[in-house]
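Alright, structures below, take your time with them.
First chain A sits with chain B, and in the next complex the same chain sits with chain C.
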Partner chain A sequence: MKLSIREKKVTRSAGGDTIVFILLVIGGTFMALPMVYTISQAFKPMNELFIWPPRFFVRNPTMANFYDLFLLMEDSWVPITRYLFNTLVITAFGTCGHVLMASLAAYALAKHKFPGRGVYFNIIVFSLMFAWHVTAIPNYLIMSHIGWVDTYLAIVAPAWAMPLGLYLMKQFMEQIPNPLLEAARIDGAGEFKIFWSIVMPNVKPAWLTLIILSFQSMWGETGARFIYTEELKPLPYALNQIVSGGIARAGTGAAVTVLMMLIPIIIFIINQSKVVQTMGSAGIDK
Partner chain B sequence: MSAVTAPTKAPRLTRWIKRRLSSIVHDVKSNKISYLFIAPFGIFFFGFTLLPVLLAMGLSFTHYNMLEAPQWIGLQNYLRLFFADDVFLIAIKNTFVFAVITGPVSYFLCLVFAWMINDLQPRLRAFLTLLFYAPSISGNVYMIWTYLFSGDSYGVINGFLSYWGLIDKPIQFLTDPDWMMPIAILVTLWMSLGTSFLVFIAGLQGIDPTLYEAGAVDGVRNRFQEFMYLTLPALKPQLMFGAIMSITGSFAAASQIIPLVGFPSTDYAAHTVVAHLLDYGNIRFEMGYASAIAVILFLAMVITQQIVQGLLRNLDS
Partner chain C sequence: MKNKLFRISFQRRKIIAGYLFCLPFLIGFALFFFYSFMQTLIFSFNELQLTPIGYELTFVGWSNYSYALNVHPSFPMDLAAEIGNLAVNVPLILAFSFFTAIILNQKFFGRLLARVIFFLPVILGAGIIFRLEQTDMITQLSLGAAKPGLVFSGTALQNLLLSTRLPEQFLQFIIDAVERIPLIVRASGIQILIFLAGLQSIPSSVYEAADVEGATAWESFWLITFPMLSPLILTAVVYTIIDSFTSADNELVSMIRSTAFTSQGFGVSTAMAVLYFIVIAAVLGLVLQVVSKWVYYQE
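So, the complex of A and B:
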């Protein structure tokens, strides 16, 4: 069998290949099945959704669930386009702010020497170690104290300073050769000019990665903790309301899930090679 | 004696402070541009990550219900947690079991699948990377597991099991205390091949192929020897970073359990520290008590991280 699916090497035996192949098939199937089932579910007509014994794959695919979803949306008190607009605003502001702030800070940390630089970076690495649950309550108190509850700032501002983004960006920027920056300095370029026209174009994979990471968290944001005005609530909140309709909404719910998961996955597919390139420099060298 | 030394000491102290201050001012002035670069991120990071942690620590020593001013009660919250709150002890036990299983297993799965995928041709590699990574970025697609495991006749797994005649009444996967934790762990593992997985894939691709060629000449016979003696040491920086992400993930994943098994879960069988925190913070508004829970969670995370980092650092010795 010469239809090899990998490059030839002396350390690879046919027996080992078979084991790896079997493990990958099992793992891949386990990963894929729930998602395949979701997609299949979204295209099932009513009689197939509630058939017994249950059917995994759809027999007679239909768009009825998506059609129902749009009908439901038309009937909603706040138009669905408003929810979509809210999510787009949150995603755009959150992502742009994060990429810009993280890149600025990463540049100084990677390429400048100044007192406090080590402490600053160590605190960032340290904060990778705890989850948002720890800060949830005090965050709410702070937001209500400065009057940001029920505004997008309460969601967007903490996301601007996500430590993972700064960490990845700083590690990636260290690879930029210093002579390149020195040459620009000799030519009389200011630091902001260097940052914008030399550093940023050179770290494109890194900021694409930051965009993806930030996009994922902002796109799925339900705003449940901070947003109380119906007109300000983001799309996932509205869609969750539809899904929580229970078993009667099984089909529509699956349609919602398919739509919501499609966009982050498409964005990841487009940028996959750039993301992997960025992650390559993410190791901790000590 | 003290009356004599005090006057000379005081000016020395103020002189020292002045010198220190002027050197700080000098530092800031000469590095103004660098501080400008780090300021925007720093401000928001301090305000919404660092300050909250400090605030939680402070509030954990108070009684605070958001209506009256916080009242200092010393260690009472902590004493109540460990000596008067049986549910919290259940939560700690569950979180521990959950983290001890999902953390290492997900770390191991990330590494092994990344390693196996890395051997493949670029196209297949890209496809499988996407397939394994997708569940972690697909938002609430994990809710589909509630349909799969549902205890009524529409539950797919129950449906198949009874159709094949393996069971005569549906298994209550999501409400039976014996089943809830295993199911929660399974679902968490399913969606845990996230950032660590990508970092491992990237790290493996970055390893110089000549390392393997030299290894083969030096007598590395099979892929497992190669993995142990060449790949793992070369991957150490990524392994350190992946460990951080996996541990944080295994503690934080508790929030995905709640939509799966309900809140509160039957007999608190899947009640975690995070669920306990949400209970007191979001429902009962006992903010001081909730803060004490948050502090415990914080300490647990940080201590685990330090232990694991220490272990990994000594890996090659």
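So, the complex of A and C:
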């Protein structure tokens, strides 16, 4: 009920709505075209793939590309399910760990005053600016020093400490009014209890966003820098290998792209529909 | 007296809790970011030579830096161009993502679909799919023909604009801006999400209260939505700057990376990286200073 009142406030007049809708359609077209093209490419038979001038839409859709892809997968030396398993492990642990650790640290930085807090936060803002490509070599040296090269940890552990998530969570947690936390403290809630049952539910949109962000980067991880054992390599690496077979694999490549896109899109849809459901109940009604 | 003692211990407990909450992150951070950075800094003052058992460093002072700034053919110019580009793109990206997020937060038919569409560039532009598209020659070739941007940047629009006989600089500006549209739209996915999450965090009771007091939609936008989102505008600014400075397809980053494996050596590459870092830090520091003044934090 609350929700509907709020929506009514922000909505514009009918004329404004039309303009907004037109703008949305124009902007959306820009974004949707490359994907529509990739999908239609995946269903093109061989003779349509190489036609010149290229056609945007497929004329005679076929599943041949997907069929070829599965044949290729069956032939691979390590079963494809193993690659999939690796990617799932890396993505799940990387994402959960990152969200949890970033939130814990963000809570302390946003709502606790302790000596060194300012310095700590400034260091994190500074480290945001350092491209990981540039520190790749020192990073490798560290990994080999602790003996994590060729393990999942080499990919998962650095993801936990990514500064961007911390920054995002801190900005959201600062919005939570202090009296709410004080009230919980007076009622005898411990710090972790406050964090888990008051702070986190109130910043649900924030960590749902962070999950998308983190999932997105972990899902595409090829692990090429740290993982050398074939059995431990993630899925994107294997699919990359299939596609790099050259021009004859153009159709298979498009099929791979569609499959790789599908999962993040599904995650995004589930995620965003969760946000909508919780909006009404998450209010900080004081 | 007793009361005071209790307060100290309570404060201290809060301090300890603060450190404990930060600890897991801090360890990972020190290990994977801070140490790497220090190592890079050390490398930039040395010449690195690979030996069979590892590597050897010879101290060379500032020579790597002077090479990057004075001898390298394009580094200083590229750096300047990068900053100029950023100054134009960041405000445009922010404005676009801010208003898109406000539209996407309203209730209308097909909202979820619209959100998915606006998030697509992030999925398409990230990691594996980006690379897959690059390896696929045919897709590349034909994508060039089907690129949505070309619809606007094509000659049709330019001819139309030129026929209006407006001043040439003005036309050039419009054509430039239009050519940037696809780029800006594609770089806004995450910012839209950040703003959306921010909009959803504003408690509806605030709007109700404003409604009861008789505030108009216009007023509640500027007096509620805008101030409540202001910390996230800062976040989005920071994200946009970082994203464009450190993304994998940034030309400067790939130049720094490839320099490491050319005759100029790893030392020059790390020196460039440190210089680049200092420039980003300066830009970001300046922006933070300016934007922070307008940020409203709820007490």
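Observations
Criterion: the second predicted complex is superposed on the first by the 231 of 286 C-alpha atoms of A that agree within 3 Å, B and C clash if a C-alpha of one lies under 4 Å from a C-alpha of the other, contacts with A are read in each partner's own complex, and residues count from 1 in each chain.
The rule we apply is simple: a residue touches a chain if its C-beta (ideal position, glycine included) is under 8 Å from a C-beta of that chain, and two chains touch if they have at least 3 such contacts.
All of these numbers come straight from a predicted model, not from anything done at the bench.
Looking at the shared chain after the overlay, A:P177 reaches chain C, while chain B stays out of its contact range. In the superposed pair of complexes, A:N240 makes contact with chain B and with chain C alike.
Of the two partner chains placed by superposition, chain B and chain C are both touched by A:G27. Of the two partner chains placed by superposition, A:F43 touches none, neither chain B nor chain C. Contacts of A:L208 after superposition on the shared chain: chain C is touched, whereas chain B is not. In the superposition on chain A, A:F226 makes contact with neither chain B nor chain C. Residues 5-7, 9-12, 20, 23-24, 27-28, 30-32, 34-35, 37-38, 41, 50, 53-54, 56, 101-102, 104-105, 107-109, 112, 114-115, 117, 120, 123-139, 141-142, 157-158, 160-161, 163-164, 166, 191, 195, 216, 219-220, 236, 240, 243, 247, 250, 253-254, 257, 260-261, 264-265, 268-269, 272-273, 275-276, 279-280, 282-285 of chain A lie at the contact with chain B in one complex and at the contact with chain C in the other. Considering their complex, residues 5-7, 9-13, 16, 20, 23-24, 27-28, 30-32, 34-35, 37-38, 41, 50, 52-54, 56, 100-102, 104-105, 107-109, 112, 114-115, 117, 120, 123-139, 141-142, 157-158, 160-161, 163-164, 166, 191, 195, 216, 219-220, 236, 240, 243, 247, 250, 253-254, 257, 260-261, 264-265, 268-269, 272-273, 275-280, 282-286 of chain A touch chain B. Those residues of chain B that touch chain A in the shared complex are 27, 31, 33-35, 37-38, 40-45, 47-53, 55-56, 59, 66, 109, 112-113, 116-117, 119-121, 124, 126, 128-135, 137-145, 147-148, 152-154, 156, 159-160, 162-163, 190, 193, 195, 198-199, 201-203, 205-206, 212, 215-216, 220-223, 225-226, 235-241, 244-245, 247-248, 251-252, 254-255, 274, 277-278, 281, 287, 290-291, 294-295, 297-298, 301-302, 305, 313. Only residues 14-15, 17-22, 24-29, 31-37, 39-40, 43, 96, 100, 102-103, 105-108, 112, 114-124, 126-129, 131-133, 135-139, 141-143, 145-146, 148-149, 181-182, 185-186, 190, 193-194, 196-198, 200-201, 203-205, 207-208, 210-211, 217, 220-221, 225, 228, 231-232, 234-235, 238-239, 242, 245-246, 248, 250, 253-254, 256-257, 260, 266, 270, 273, 276-277, 280-281, 284, 288, 297-299 of chain C touch chain A when the two sit together in their complex. Residues 2-3, 5-7, 9-12, 20-21, 23-24, 27-35, 37-38, 41, 49-50, 53-54, 56, 101-102, 104-105, 107-109, 112-115, 117, 120, 123-139, 141-142, 157-158, 160-161, 163-164, 166-168, 171-172, 174-175, 177-178, 191, 195, 202-203, 205-206, 208-209, 212-213, 216-217, 219-222, 236, 239-240, 243-244, 247, 250, 253-254, 256-257, 260-261, 264-265, 268-269, 272-273, 275-276, 279-280, 282-285 of chain A touch chain C in their complex.
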